[in-house]
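Naming follows writing order (A, B and C), and every chain is counted from residue 1.
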Amino acid sequence: MTEFVKYSASRLKEKITQDSLTASDIASSVAVRYDKVEEKVKGFAHFNKVVLSERAKELDKKAISGALSKIPVVIKDNICVKDELTTCSSKILVGFRPPYDATVITKLKESGALLLGKSNMDEFAFGSSCETSCYAPTNNPYDTERVPGGSSGGSAALVAADETVLALGSDTGGSIRQPASLCGVVGMKPTYGRVSRYGLIAFGSSLDQIGPITKDVNDCAALLNVISGYDPMDSTSADIPVPDYMGSLVDNVKGLRIGIPKEYDTESMFFDKKVPVNETGVKIKEAIKLLKDLGAEVVDISLPHVKYAVSVYYIVGCSEASSNLARFDGVEYGYRDKEASSLIEMYKKTRGKGLGSEAKRRIILGTYTLSSGYYDAYYLKAQKVRNLIKQDFDNAFSRCDIIMTSTSPETAWPKGLKTKDPLLMYLSDIFTIPANLAGIPAISLPCGYDSQGLPVGLQFMAKYFDEELLIRAAYTYQQNAGWKRKKPEL
Amino acid sequence: MPIKKDVIRYVADLARIGLSQQEEKLFAEQLNHILAYMEQLNMLDTKDIEPMSHAVSMGNILRKDIARSPLSNDDALKNAPEREEGFFKVPKIIE
Amino acid sequence: MSHYITTIGLEIHLQLSTKTKAFCACPNSFGGEPNTFTCPVCLGLPGSLPVLNSQYLRHAIKVALALSSNVSGRMKFDRKNYFYPDLPKDYQISQYDMPLALGGHVDITDGHKTKSIGLTRVHMEEDAGKLIHDNKRASSYVDFNRTGTPLLEIVSEPDISSPEEAYRYLVTIKSILKYLDVSDCNMEEGSLRCDANISIRPKGQQELGTKVELKNLNSFKGVRDALIYEEKRQARMLLDGEVIVQQTRLWNEQKQASEPMRTKEQAHDYRYFPDPDLLPFTIDSVLVEEIRLSLPEMPEEKRERFIRDCGLSEYDASVLVSDRAMSSFFESCVKLYPEPKVIVNWLTGDIQGYLNANNIEFSNMKTTPQQLTGMIRLIDNNTISGRIAKEVLFDMLVTGNSADGIVKEKGLIQISDEGVIEQLAADVLNENPKVVDDYISGKTNALGFLVGQLMKKSKGKANPQLANQIIKKKIEQARE
């Protein structure tokens, strides 16, 4: 049986037309692949072969001719799919089936996509390694002893392992880009407001965005086309027309000014926490040279406040999260400690037992930073520095069109290595966080492997709503990159 | 300034999270570590900088005053841990 | 109480009558089966997001303008974080440091004196759900229908100096708000809620005394009673040398006393911060002007106009404008029957009397302006007497029928047939010879008695003027 699920979406679309493939054909291919590798990858949070087969039959009956007709998509477990388990990989949402679809899901269904199931994640998106999930941690398909990155680790791993064709993730501080980088796939965080957040279970409301995780830049553009757009149900969604992102799949970077931030080259930003920038730096330099040879112009830029980004992010993100997660209290949905005899006891026991360690830690930090007496020193201060970071980008973009960095300071690390040191884990996001703070779009794409065969990712960042430029730059690199893509051996 | 266990207890109380003694101790240590790192922000003079809650400047999103069908009682209560006669049921609040 | 100065501040929560809720499109309805007017947003389901109702904003601006409050050019929403089962997100979307409007005032009149009560602010926030406690079992029940209802919080400055002033303030603010058609303003139904803060201090002391908050006030009268009680309680404590503790006390209507709230209501740390799901709002002056121009004539202006153009007394004009429905009714009547003073007398006299006695709101009165003026014309054309008219009016108010019908049905048409009256007069004179003699000997009130007897005989239907004339005539004739 041909493994359709190994194809990219564009290739599969062709195949569907050529061979008149049905959704059931494709669902079978998914099931076969799942049986072969899921035990090693553990990318899914919720997957049911019977349900999938029913869904495929339904899809064939409806015969929707949309842009993603019959294309398999995996959904991160923090995006609401009507009547299906949506748990944010957390015990506290055990059994929760939302009575509504997230807006992006409505759009996917209208485009005829075949939804496969929910992918594993760090609990409530709190993490960079997929190890805080209440289910088993997901493994990196390139080395199952290592992490896939997080928090959209499941989505990235499933795409890399060819258990799906497309995936949706969410990105608050790098949660799409960093796992995409560690798993050797493409991942994009759109401009804040480009994609509706309605139905995305919130972590950091002013930072979160849903985005595509795909096998190549072409698929990224196709998926971005479907999920983007103004949503009247989301007050933070932008009323700006959606261009056809496929039109940006153009092999041309002549005259493109690529800004390289000097702060990301030195170790000064890490203060006393020395995070090694190993072979990733080498691969990025190779990529820069390639683009220069293709006619791009390299410009030195400075983002002077970017070294404060992690601090700002954790204050703002945890403050917002502490408020967003207050609703998980056992009253209306999810887990409830039934032994509690009073309301307060019920709250405390439900949240004490239902929330994982990292979730509790972030909620406590966020509650502290908003509390009376500390609000000015932490939350207010962080929001001011956030403004400085945004201004850094505004200034930089007056001198360049696109900014380029490594996505992650390192390649995939061994499971358990950073779990005892929260701060060390937080610093994994040092390159990705600034884009969330500023709200600008960013993409991560594979740029080679390190000496251990682990994927390295490079990141492009662009101005607000300039996803088209991101796609063009990424596509050009993809079409001209000399190195050979290597699928994981599973 | 380093946080002591009793501050963790107070904050956990505000957040309605029941912590074990061990957790209180662990979190105090870890939070202190994290907050110490964040002290770096105090090196910046932000006296004349405006705080920013959103990086993008959209605004004034409103909707028309037109009703839409609400959820059925069944759908609203679908996920309720405990329900009775159309209500969500919770342990009594001690008055 | 003369040793002490009382300081009172009132906080009003007003439920606005928009078609949909503050941040979602659920119907904004009263009553209904539990949890049938909810959606993912007002239920606080994970992933839901708020979107502000444009009509809520317009109503809010209307109220701010009517209360002379300064509408902010920029406002935002903040989250007020606390845990309670009637609060689905465990935070309330409210406004903290950049509210809808700041300042303002409400002018209360006491006879001829006017006092301006300052307002601190007017802000927008969503309502919580309803909690029902079951005393027999260890459970409470939550209904989220009311969650997300649009509210306005109106905070007064501590300018109120007595429970009576507090009452006047509430009556006045209600009459202003009813003119705007933005809320039912009904305390008994819950569309207007009020909490009070009161402190007292010895005369001569500059510093305000300790503030006590009063909750569970269910009527304007209740507010006044609770404040009177609290004033006395605090005065007694101070006289006894006791210290007044800052606390929240619940008013117990049955016991007519306030009791400290026993829930451990330690000072909440609400951790206010700007709601990241709602971007700041710029309220442009063009919109504010448009709303200002659309405001109906406010009670003050109307009162002046009634005095000036209709020649009404200050008292009458004030009574009329205190109730929007009444002043509207008055104006409709005057259009049909241009004698304002006559209309006012009926409104403030018999009609108001009936409505008060039966606890009916003017707006729920059955009688229409056409019916009232119709009745007055029946008096004018002598179909009925003024006395009979009162009886007819009572029937009109009870049944909602018009005068014509009632008069015919009850056979109340005034007797103006001189022949009939002559006969009745003859009978009266025959039956009361002594009284006739009294009248002849100069006792003028005897005439009144005789006329009264004739009226009685005619069951009140005789035309009183004719009755009077004819009796006098007959007595004169008899003397000749």
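As a convention for this text, a residue touches a chain if its C-beta (ideal position, glycine included) is under 8 Å from a C-beta of that chain, and two chains touch if they have at least 3 such contacts.
Bear in mind the structure is a predicted one, so any value in this text is a computation, not a measurement.
Contact counts per chain pair peak at A-B. Taking each chain's centre as the mean of its C-alpha atoms, the one that lies farthest from the centre of chain B is C.
Annotation: 57 Å between the Cα-based centres of chain A and chain C. Centres computed as Cα averages put chain B at a distance of 41 Å from chain C.
Chain A and chain B have Cα centroids separated by 23 Å.
Chain contacts: chain B has residues 14, 16, 53-54, 58, 61, 63, 71, 76, 88, 90-94 touching two or more partner chains. In chain C, the residues touching two or more other chains are 40, 43, 51-52, 83, 85, 138, 140, 142, 269, 271, 276, 278-279. Chain A has residues 96, 99, 206, 232, 235-236, 326, 329, 331-333, 341, 343, 347, 367, 371 in contact with two or more other chains.
Contact residues on chain B toward chain C in their complex (touch as defined above): 14, 16, 53-54, 58-68, 70-73, 76-77, 84-95. By the touch criterion stated above, chain A contacts chain B in their complex at residues 95-97, 99, 191-193, 206, 232, 235-236, 238-239, 271, 273, 305, 307-308, 310-312, 314-315, 322, 326, 329-336, 338, 340-349, 351-353, 355, 357, 360-361, 363-365, 367-368, 371, 378, 380-388, 390, 422-423, 426, 437-440, 464.
The residues of chain C lying in touch with chain A in their complex are 40, 43-52, 79, 81, 83, 85, 88-91, 138, 140, 142, 269, 271, 273, 276-279. Chain contact summary for the complex, chain C toward chain B: residues 18-20, 25-27, 33-40, 43, 51-57, 83, 85, 131-134, 137-144, 262-263, 269, 271, 274, 276, 278-282. By the touch criterion given at the top, residues 3, 7-8, 11-12, 14-20, 23, 27, 30-31, 33-34, 37-38, 40-42, 44, 46, 49-56, 58, 61, 63, 71, 75-76, 78-82, 88, 90-94 of chain B touch chain A in their complex.
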